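Sharing a structure, written as structure tokens. Questions coming.
Here the chain labels run A, B, C and D in written order, and each chain numbers its own residues starting at 1.
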Amino acid sequence: MLPDLYRVQRVRQETHDTFTLELEPMSGGQQVAAKGVSFAAGQFNMLYIFGVGEVPISISGNPTPRKVRVSPPRFVHTTRAVGTVTKAMGKLKRGDVLGVRGPFGSHWPMEEAVGKDIVMVAGGIGLAPLRPALYQFLSQRENYNRIILLYGTRSPADILYRRELEQWRARFDLEVQVTVDQAMGAWHGNVGVVTTLIPRVSFDPLRTIALICGPEIMMRFTILELQKRGVGKENIFISMERNMKCAIGFCGHCQFGPTFICKDGPVFRYDRIQEWFGKREI
Amino acid sequence: MQIIDRNSLDILFDTLKRRGFNLVGPTIRDGAIVYDRLTSTADLPIGWTDEQNGGTYRLKKRADVAVFGYTVGPHSWKKLLYPSVQRLWRAKRDGENFQFITEDEEVSKFAFIGVRSCELHAIAIQDKVFINGKYIDPVYKLRRENVFIVTVNCGKASGTCFCVSMNTGPRATFGFDLALTEILEDNHHRFTVEVGTERGAEILREVPHREADEEEKAKVEDIVAKTARQMGRTLDTTDIKDLLYRNYEHPRWDEVASRCLTCGNCTLVCPTCFCTTVEDVTDLTGEHAERWRKWDSCFTMDFSYIHGGSIRSSSKARYRQWMTHKLATWIDQFGTSGCVGCGRCITWCPVAIDITEEVRAIRGKE
Amino acid sequence: MTRKRKPKLAVWKFASCDGCQLSLLDCEDELLTVVDEVEIAYFLEASRAVVKGPYDLSLVEGSITTPLDVRRIQQVRQASKFLVTIGACATAGGIQALRNFKDINEFISVVYARPEYIETLDKSTPIANHVFVDFELRGCPINKRQLIEVISAFLQGRKPNTPAHSVCIECKLRGTVCVMVAHGTPCLGPITHTGCGAICPSYHRGCYGCFGPMETPNTASLSAWWSRLGAKEQDILRVFRGFNAYAEAFRKESEVHEK
Amino acid sequence: MKSRTIKVNYLARVEGEGALYVKIKNTTVVDVKLKIFEPPRFFEAFLRGRAFTEAPDITARICGICPIAYQMSAVHAMEDALDVVVDGQLRALRRLIYCGEWIESHSLHVYMLHAPDFLGYESAIHMARDYPEIVQRGLQLKKVGNEIVTHLGGREIHPINVRVGGFYKVPTKQELKPLAERLKWARNAAFETVRWTATLPFPEFEQDYEFVALQHPEEYPFNEGRLVSNKGLDIAVRDYDDYFVEEHVPHSNALHSVLKEQGSDNLTGRLYLVGPLARYNLNFHRLSPLAQDAARSAGLSPVCRNPFQSIIVRSVEILYACDEALRLIQEYEPPEKPAVEVQPRAATGYGCTEAPRGILYHRYRIDDDGTILDAKIVPPTSQNQKIIERDLYQFVSKNIELPKQKLTQQCEQTIRNYDPCISCATHFLKLNIEQE
């Protein structure tokens, strides 16, 4: 239950309120040495800012980095500053130390997706937990059919990972569509909620795996749209969010119906939680 | 099955103490029978009993000198197995860095005296939560390993007991080192003893005892059978999980919400409820930080708070979460009901909300 | 993360008994550390020295009861970066808000022989009715541990650990036996904001609500139960018309029991 | 014509808000006003209609500095009305909790509010830079007082355990034990406090006062006794209203209290002084031997008329309270019941106890079911207000040649001699000095 110590190696400001931290284990972190920095796409860490508090944040880096590209390996986290802890996190600089527990939780269905079309739908900060999956899909591109990324944000200023998005967009083996709720400035792209993109892209609904991450309401409508297109519930995966204190199933805060989001999730196959997902205040 | 007489109970206590156990068990404080440190059998609630019903608990004098002539009270053993408030770690700033200060915790060995069958089940359920899963809670594990359990088969049931419905009592069948049944007869106050573990047998060897005769063995059956007939409450568990899963939108939830105070008492008295929260604190200098873990309740707004608001902001949703967890989702999570039928939540709910009644209402008007 | 300059602390007083600000002086073990960490820039109860604003942290005690104070609180707000109200007077109008339910002129004539010398408003109101408040600390009086927690949290830029749930939870954490269930003593604990340490029940007394309403108080249900325990309408009215009488949940419930 | 005014808009290091106004024309003081502008809070008004059992909790909120005093005067007044006597160990516990309040309140005043004046500091916090051990000692002493109150009352401010008839819960002997250990330390620290305060520089300022305090045949007064003065007053508490009268002046939100000239309804009655000085002068021989010795060895005679020396007297009282608390704890046996049964009846009750700042009088009229029909509360500060103004007048007249800043500071000190509690006075204080 004791966090390991990590040092901030790099800080990148993504948007006015969102930033990405690259964290390296501090030498001497006993547990870290044994465990190494490895994780599966979709998992999260508990990040502790000294004297402020601890919050769950998904890992947004590459789970299968090209060999020794960065050594030692790093945890990458993209966080939106919304409250006390995340705002304090936003003030960290290179060289600062923070506590890390993890990785925890379930991961995106990388195996199930093999040989299929992949539709990834992200809303806002929801792109961060999906990015590791995308990295992995792309690094084994031959294993998958079509790969589609649909991404919606509030405004053009909120778009994360701009440079990467451009690179991805330029690829022929990946379809990227970005939309904003409200266009501002010189935005020439799509306007509207992310679900409006679904009818516009082509995939084989019967052989598709969908990965969704974003606000609950956005996920609800995305599922409806995908189902309209004929994607089966068992092929839809969503990443859930609840209050978390321990991340290992003891504190009880993250219960969602019969599940604990920390250990049974955060990634769920939709049909397994469908019964609860549609209900209010679960 | 063995027999010890009333005086030998003192010898049992002394033996446990000699073996380094701190005795914890029933004693009277502030108008109730609570679990606290015991120094001798004189601390036990001799000649006292309790009367319980929804929202009420009263101590009453008994006509006899029964030692265990009461049922479960406001405390449960969880307070000893994972303390209500516990520091998890300390950290100290160290220039630009900080460091965790680890300290090995010394925990005293406890002997729990007078654990009831429903409580054994509750401990078994918490074992599932804390030590039988993928992660292990070190605080619980450390304390649990050291506990010696002296069980008592219930000689009476209270107005809020329903262990029979939950299949958790009144007779203890596992999980104890020694199990006693109190036989109160004029001039002959004695206990039958069943040995549950080798450890238990070892302790019993130091206490004067004899083999129970057939009549005495039969008495045990009579006593527990009589207790079983006295259950103050019943709960029909048929198909309970699906019943509740089917009824997330039952009007009864609104009805109970109109009475529920969202005070959280039910969760805190429940011997299986395990939820906690953490508080990250610092001192004035900002040099020292600590993390504390405290019992929490799914009835608080913070419990389900995520940025923007609480998920379960209505009391309806909070009561529903609690009851559905106890009786239904728990089964999916841990393969067992989360309720052992001890009745504490009924007695200690300040406005007498009754889990058995709520189930009945939902079943009735489905 | 070293702090450049000491934050300036100011302590302000409006209509009150001084008890809440005294809580700071009652932190005998921490006071000198507090002084090391913050500059006491304005705290008349403790010091003649007055340092000009703006202040980083203002603690405001007391309720607004005079036309002058209506203006003064605006000035305090303007001079304060972070304003914390302390105590039932500042967060709910205090016991003096009992006037809000009565005719003020009648009140004045009861106490003062020469009412014409008295300048006062007809209502005693909480600070938040007049200016934006960053954080409210409850209690009549506040709990000094919580005060230190709020100051520590402010210095560290974290959220203070001051939960808003019922007193009951604190009772249970302490292992206190419920006075309502075990003794039949009417208690306001189940609808009262925690923070005091659940003192009254541990002294065999029912909570009288000095920390005001908890986050989601079901006052109607508790009142109904009090009646069953034998409390008269008068008693219920009085207990809600106490030190937090003008806190909305308590005010509304008291009106139900007013004939 | 040269005129000066001395104005202090917000008096510091007093409890509550007051201001000082002094007007000097040439070399004569023409006006002195101790203004209390702390807003009125109307306690007497909203006590009407409350249950008699609520008076101790409600009146405690008049003052966060001396809630015990309010609770004690309230319970005594109610018990007087209901004809109930609370004695034995319950009475002893009341005395004990009062000791706690005296220790706490006096230590606060001696170390945090008053001493900085003598040593030329803005506050005890500033003083702590040069005298860290002394300030620490004061804080720790104060803490012991608070511990007693917390132990018996549940918390230091507005304790919850005091009720009409006794307490809600009484401590076990075992529970009081740790206090005894702390008190032994405190008693020594209090002794040091007396010695230390006696070394402070005091201006020559002997005044002729009529001291008023409680007097009890056996003990230094806390809860009970007759109201006596050094000028012949000797009455039962219930006769208070026949001898004292309160008047309302335009510059203050507090009522001023005076001793009526016997046989006249003349409101310009005799000024009198309450508080530690009065208690000490009227009850010196009732102090414990240790406290008497400490006073004598500090050079304080049994009669002290210099209000600046009230700081030594307060220290002697701290010592006495520690000594007395220890005695009470040593002799403690838990009473069988935490409170005496009380039944309401229509009656009027009177209570007067010795708050740290002096006598605090309560009077209640209640009806058959215990509802309060009428309440009167006279706190020590309103009784002292006139005498403070007189002292100021005298002090300024004597020291008129002082530079304004110095004079202002000393005027403040003169006020602080009385440890005025403004919150009390307003159930209302403001300070200005004006010189023309």
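Here, contacts are C-beta pairs under 8 Å (C-beta built on N, C-alpha and C of every residue); 3 or more make two chains touch, one makes a residue touch a chain.
From a predicted model like this one, the values you see are computed outputs, not experimental measurements.
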Item to check | Chains contacting each of chain A and chain C, listed by label | outcome: B
Next on the checklist: Measuring between Cα centroids, which chain is at the maximum distance from chain A?
Outcome noted: D
Next on the checklist: Please tell me the distance, in whole Å, between the geometric centres of chain B and chain D computed from their C-alpha atoms.
Outcome noted: 51
Checklist entry - For chain B and chain C, what's the span in angstrom between their mean Cα positions? => result 36
Next on the checklist: Using Cα averages as centroids, what's the distance between chain A and chain B in whole Å?
Outcome noted: 40
Next on the checklist: Counting only Cα atoms for the centres, state how far chain C is from chain D in Å.
Outcome noted: 25
Item to check | chain C residues counted as touching two or more neighbouring chains | outcome: 1, 156, 158, 204
Checklist entry - Residues of chain B that touch two or more other chains: which are they? => result 93, 96, 280, 282, 286, 302, 313
Next on the checklist: At least two partner chains per residue is the criterion; list those residues in chain D.
Outcome noted: none
Checklist entry - For this entry, which pairs of chains touch? => result A-B, A-C, B-C, C-D
Item to check | Interfacial residue positions of chain B with respect to chain A in the complex | outcome: 88-89, 91, 93, 96-100, 102, 129-130, 133-135, 137-138, 245, 248-249, 274-278, 280, 282, 286, 289, 291, 296, 298, 302-307, 311-314, 316-317, 321, 325, 328-329, 331-333
Checklist entry - If you look only at chain C, which of its residues touch chain B in the complex? => result 1, 3, 30, 33-34, 36-37, 148-149, 151-153, 155-156, 158, 161, 163-166, 168-169, 172-178, 180-184, 187, 189-191, 204, 215-218, 220-222, 224-225
Item to check | chain D-touching residues of chain C, taken from the complex the two chains share | outcome: 13-23, 25-26, 28-29, 31-32, 35, 40, 44-49, 65-66, 69, 94-96, 98-99, 102, 106-108, 110-114, 117-118, 120, 140-141, 143-144, 196-197, 199-200, 202-205, 208, 210, 234-235, 238, 243
Checklist outcome for this item: As the complex stands, chain B meets chain C at residues 29-32, 34, 55-59, 74-75, 79, 84-85, 93, 96, 258-265, 268-269, 279-286, 294-295, 297, 299-302, 313, 315, 347-348, 350-352
Checklist outcome for this item: In the complex, the residues of chain A that touch chain B are 1-3, 5, 26, 48, 50-54, 82-83, 95-97, 99, 241-243, 245-246, 248-253, 255, 257-260, 263, 275, 279-282
